[in-house]
Structures are given as structure tokens and as C-alpha cells.
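Data block below; observations after.
First chain written, first letter: the chains are A, B and C, and each begins at residue 1.
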């Protein structure tokens, strides 16, 4: 049997290992800004893929296209083997600015995705409670967003995305609005959570350390118009403690390698 | 909005309304509403007339004098209330009461104390306009960041320099916003003042036309006064836009 | 007060709350004393033979309450005010929401609405008398034409300015347009709609006072003009002071309700 080859910058995957793919994606914003050009990418099942690049390289645009929140001008998005055109139950999004309903408490916010699906109240609240505990917010079910810190609000956003039991989790710079210490804790907690939840994650960040810490593979996008320039798969041993990872040889090498590539973009005119 | 694929600018809907007015007027659906074209014609005849010129000049005089006083008093009081906690607390209650109170209720008092005439109208305009200027000026000065003030002090700014070169300019966006709202209130003040005093200015003309059912003239005058209020408010808004560029970066 | 990462809400000790209340009460007292004191002095100078002292006015006020004069007047005045505001409230909010939801309706009505915001609508009130007579109808209409623009504008803005991030979040969980309107826009707009209603009440008071001074005086307007015509200046001042106070208290009460109801919306915007 000849396996259908899905190539991206030289990678090859078997079709059954790929949960989502984009082909020939192009997007130009009104006003003539070409955000993405001819992007081909595959996202392997169960792995955390990060889109990394300088600001303006279109990584959030690409993420939103995969999520179905933006329509590409060219190309198509395929999820689980079928072309999709809009959001779907197999994908869930975590927003950079949290996007919580300010008039609803934590319980209602986490259950919101299920509410929109028509799940009965008792069932969705039970599911919500489970995920509120999973992200470490047990006891805060009745609190309101304005009573929570930024870090806690993002946990609510994450719990909401987990509660709908999607296959793919898309995270748009989810930790950029919190302070450094909280951010580190988040990264560690996220990895712990993913060991249990076994989801495919597509992550957008501009932090090299974060990308290397979290990812199974990192897709580097070039400056506008965004194109896939390189894919780096850090070889890090994740058996030790979270702190050990940051001293692992593979981690440090990957960070250096990526920084060298990205530095070129900063030198280019228009940086 | 787009129709048939072409973008139609917002202002054009007024043309639609003018057409509707014309049709409704011609159908004679109401004695009160003559066709739009008649209103325009009456307006054109009205403007060069002596009666109108007199009414307009009295009205404009009352409006601008009242507004000038409102700005001259409002801004210093607003600054005072922002810089002195005591003044802010004592005057604050009253400014808040009067900024949304029915000031027209005070006009009979003015008529009793000042008499019936132009001065009463000027004071009416003043009272309508001053409180919002005080309030917005106070807010504007209060919100000037500490670091701007500390910076000026650290470079040895005198009191006059602190106010003139830093504080007032930093609070300018809010002050202009207050003045814009005050201008709108001022026009209401001059119209209501004249209606209540009822022997001078455009207020008198409104009374005259309504009583004698000269509807075309009435609506022409209404449109002119409305246009005046709108243009004055837009003029201040234009000033506001000129200072907008630094409003966000304060 | 609520930004310590991952920590509990801080409760204000009640002693602190009491101290603040006492502090506010002191300044309020000082404020009233200063105003009434100045009034008393102005009356004694006297500023004018027609200008009564504060004490004389207060006495007249008490007298009018005792004789039932004041209550009867308000019973008459508040009728068209209440009816007008009720009509305005329902129709105005409805129109504002319709404008917010439909670009067509917005295009048609926004320019007119903007002009009405700055227009001295009171100019039309005398006309109402000649067309609708001197009864309840004219007065209700006076209230309606003054209060409606601000109510419509605020409702419209509330819908139109709904956070795009929240709408995107709703779409990401496959919410329908109905979900967007009922679960996101209307709750979000609630605060602005309430503000519009509060401002509308203020305009309504202005409208009814103008109506009663310009059209045939009834109720409070009647008290004012009658006492002026017989040179009972303390009584006239008392009637005027009473309407200013009633209007101020109503608006303040609505403001307090507004702050309580919409606490949760104020701080989350900056997230």
C-alpha cells in the first residue's frame, strides 16, 4: 500500500497520523497586507505543534484559519480527513485576552461551550466542575471574572476549551497576558494536564523558550508574507523534573538554533 | 451600508428622509408638516429678512456671551476642584446635582430676580453650560498621571509652568469634551430661555410661527437652529480630534 | 485588590468600611451647610427683594407639604412623566437594539439620531400644544421627544460595541447568530442600556418641567407660576427646589442600582 504522503518542508506522515492539515493557504487582509502565502502544514495527532515567528508573520492568522474563525483566500483546511469551512466540535480555542463572559461566574463560563451545544444543565455543570478542578480552580466556581487574577482567568478559558472534549486545542499566545512566574507555572501545569488529556495542541507564541519547552515540533514562519521556513523538533528528555528540562542539552541547543534563524529576520529591513 | 454591491455613505440617508418628508407633505397627511420644498423656500425667504436678522443676532449674542462666561468660570472651578480635595468634596455634590437637574426650573427664579430680558437668557445659557464644563475639567485634571507632574517638578517647574505647560494641556481632551457637551446644552439653554422669557430672539419667533400656524417658517427655523447646534458641536469635535493624538499616550 | 496571582479575594474589614462612611457623611454635611449657609446670607443681604432666605424657603416647603399642596402637584406632574418614560423605555430600547443589529436600520437612522443628540428639541414643545392641546398628550409627548434620543443612542451603542473577542469566542464554540444576540450582545449591552434609561429619566424630568412651564401649567409648574404671580417667593422657590431635589434623588438612586447591578462589568474590560 502506498501511503499518501503529506509533505511539509520535507516531513512525511502517514495519513492516519495526521489529525489536521492545511494546503496552499493564502490570506490577504483588506488594504493589501498579505499575511500568509502558500502554507502547507500537517499537524500530527497527539502532538503539541507550535507556530513561532516574529510579529506580523501571520501565526495567529494561521491559527484562526485552522480554527475556522477566519476564511482563507486560497487553499483549504482539512480536519480528520474532511475539508472544513468554519468552527467545528473537534476543535476548541483558547483566547489571548481570555474572552470570558464578565456577567457569568466561573462555573457558567466553563460550561459555556457545552451550553451552546445544548447539553442539559446538570450534565454540563458536572463536566464543568471536573475541569475546573483539573486546572486547579476548585472552590472558585461561584467567583466572577473581575474577582480573579489574569492567570486564574486564563485557567477558566482553558477549562472551557477542555470541557467540550475537542480533539484539537488551539491556543493563541495564552500566557502572554500574565507575569513571568505565573507563565512558568502555567507551562508546567499544561504539560502535566496534557499527559492526562491526550489532546493535539496547536500553540502560538513569540517566546522561543516557551516554544521549545512545550513543543514536540516547532514550525517557524517567515516574515510577512508568512511562509513555513523551517520545522524544528527539539530532542528533549522529558523524564526529569520540569526544571531539568530547562537545563537539558537538547533544550538549549534547540533554543540557540531557533534564535539564530529568527535573528536573520530581525536584521532584515522593516524589522 | 452596501446596496447592490456599492458602498453608500451614511449621510445619504438624510436625503432619503428629505424625500419622505416631501412626499408626506404633499399628501397633506398633516397640517403641521408642509412639504420639504416649501420649508426650504420659506427658509430662503426668511434669512435675509430683518426680523430674522434681529432675532438671530440677539440669540447669537446671548449664546456666545453665556458660553464665554461658562468657560471662564467652569474651567478654573474644575481645576480647583481637582487640585483641592476639600473644594472637590464640598462642591462636588452640587455640581453633580445640577449637571443633570432640570435647569429650566430655575428660570422662573432668574426672571423674578433679574427681570425679563436678555440678561436672564445669558444667565440661563451660563447655567445650562457651566456644570458639565466643571465636571469634565475636574475629571481631566484629576486623571493627569502622577508621573507627568513629578517629571515637571523634577525639572524645577514653577506653579504657573506646571499648570500652563503640563496640567492644562494634559487635561485638554477632557476639557474639550466638556465644552462640546456644554455647547449643545448652551443652545438648548438659549432656546428654552427665550421660549420662557418669550419676548425676544428665536424663541419669540418660534412662539409667533406656532401660534399663527406658519408651519413652513416654523420648520425652517427649527432646521436652522438644529443645524447651528450640530455645526457648533462638530466644530468643537474637530478641535478634539486635533488633540486626540496624544490622548491615548498620557 | 484582586490581582495577586492565584490567591483568594481580600475582604475589607468592616471597621474600615464604617470609617469611610462616616468620612463621606461629614463632607456631605459640610457641603450642604456651605450651600444653605450661602443661600441664607444671600437672602438676608438681600440680593433682591424677590430672593427669599433659605429658612424662609424651607418653612414654605414644610408648609406646602403639610397642606397637601405639594403632594397633589406631584401626583399630577408624575403622571405624564411616568407614562412618557415607560413608552420611551420600551420603544427606545427596542429601536436602539434594532439599530445595533441591522446595518440597514443603522444606516437609515444614525445620522438623524446624531443630529437629535445635539438639537434643542424643546423648540418643538410649543408646537405640541397647538396640535395636541393642553392636556396629558402634549406633556407625554414632550417627555418622549426629550428622553427618546439618549435612550436609543445608548442601547444602540451597547449592542454595536459588544466586545468582538466575545463574539469570536461564541463562534469558536459554534454558537449561532441567536446565541450571539441573546447570550453575548444583550447581556453585554445591559449596562449601557441601563445608563441610557438613567439619562432618559433625567431628560424626562427636564421635559416635564419645560412642558409645565410652557404649556398650561399643572402640577408643579402650576405651583411655580401661581406663587410667582402672587409674589409668594418663598413658596415659589420651595416648589422649584423640590423638583430639583426629586430629580436629583431619583437619578442618584438609579445610579446606585446601576453600580450594584453591573459591578462585574467595570473591571474586566482592562483584562
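By definition in this document, a residue touches a chain if its C-beta (ideal position, glycine included) is under 8 Å from a C-beta of that chain, and two chains touch if they have at least 3 such contacts.
Quantities reported herein were computed from a predicted structural model and do not represent experimental measurements.
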Chain contact graph, described as a line, ring, star, complete graph or other shape: line
Most distant chain from subunit B, judged by the mean position of its C-alpha atoms: A
Pair joined by the larger number of C-beta contacts - A-C, B-C: B-C
Most centrally placed chain - per-chain CA mean versus overall CA mean: C
Intercentroid distance (Cα basis), subunit B paired with subunit A, Å: 52
Where subunit A and subunit C are represented by their mean Cα positions, the distance between them in whole Å: 48
Averaged-CA centre spacing for the pair subunit C and subunit B, given as whole angstrom: 19
Contacting residues of subunit B [partner subunit C, same complex]: 1, 8, 10-11, 13-14, 16-17, 31-32, 89-94, 97-98, 100-109, 111-113, 184, 187-188, 190-192, 195-196, 202, 206-207, 210-211, 213, 218, 221-222, 225-226, 229-230, 232-233
Subunit C - residues contacting subunit A, complex: 2-7, 9, 163, 165-166, 168-175, 179, 183-184, 187-188, 190, 263-269, 271
List of subunit A residues in touch with subunit C within their complex: 67-69, 87-89, 91-93, 95, 97-103, 112-113, 115-117, 136, 143-153, 164, 177-179, 181-182
Interfacial residue positions of subunit C with respect to subunit B in the complex: 27-28, 30-32, 34-35, 47-48, 50-51, 103-104, 106-112, 114-115, 117-120, 122-127, 129-131, 199, 202, 205-206, 208-210, 213-214, 224-225, 228, 233, 236-237, 240, 243-244, 247-248, 251
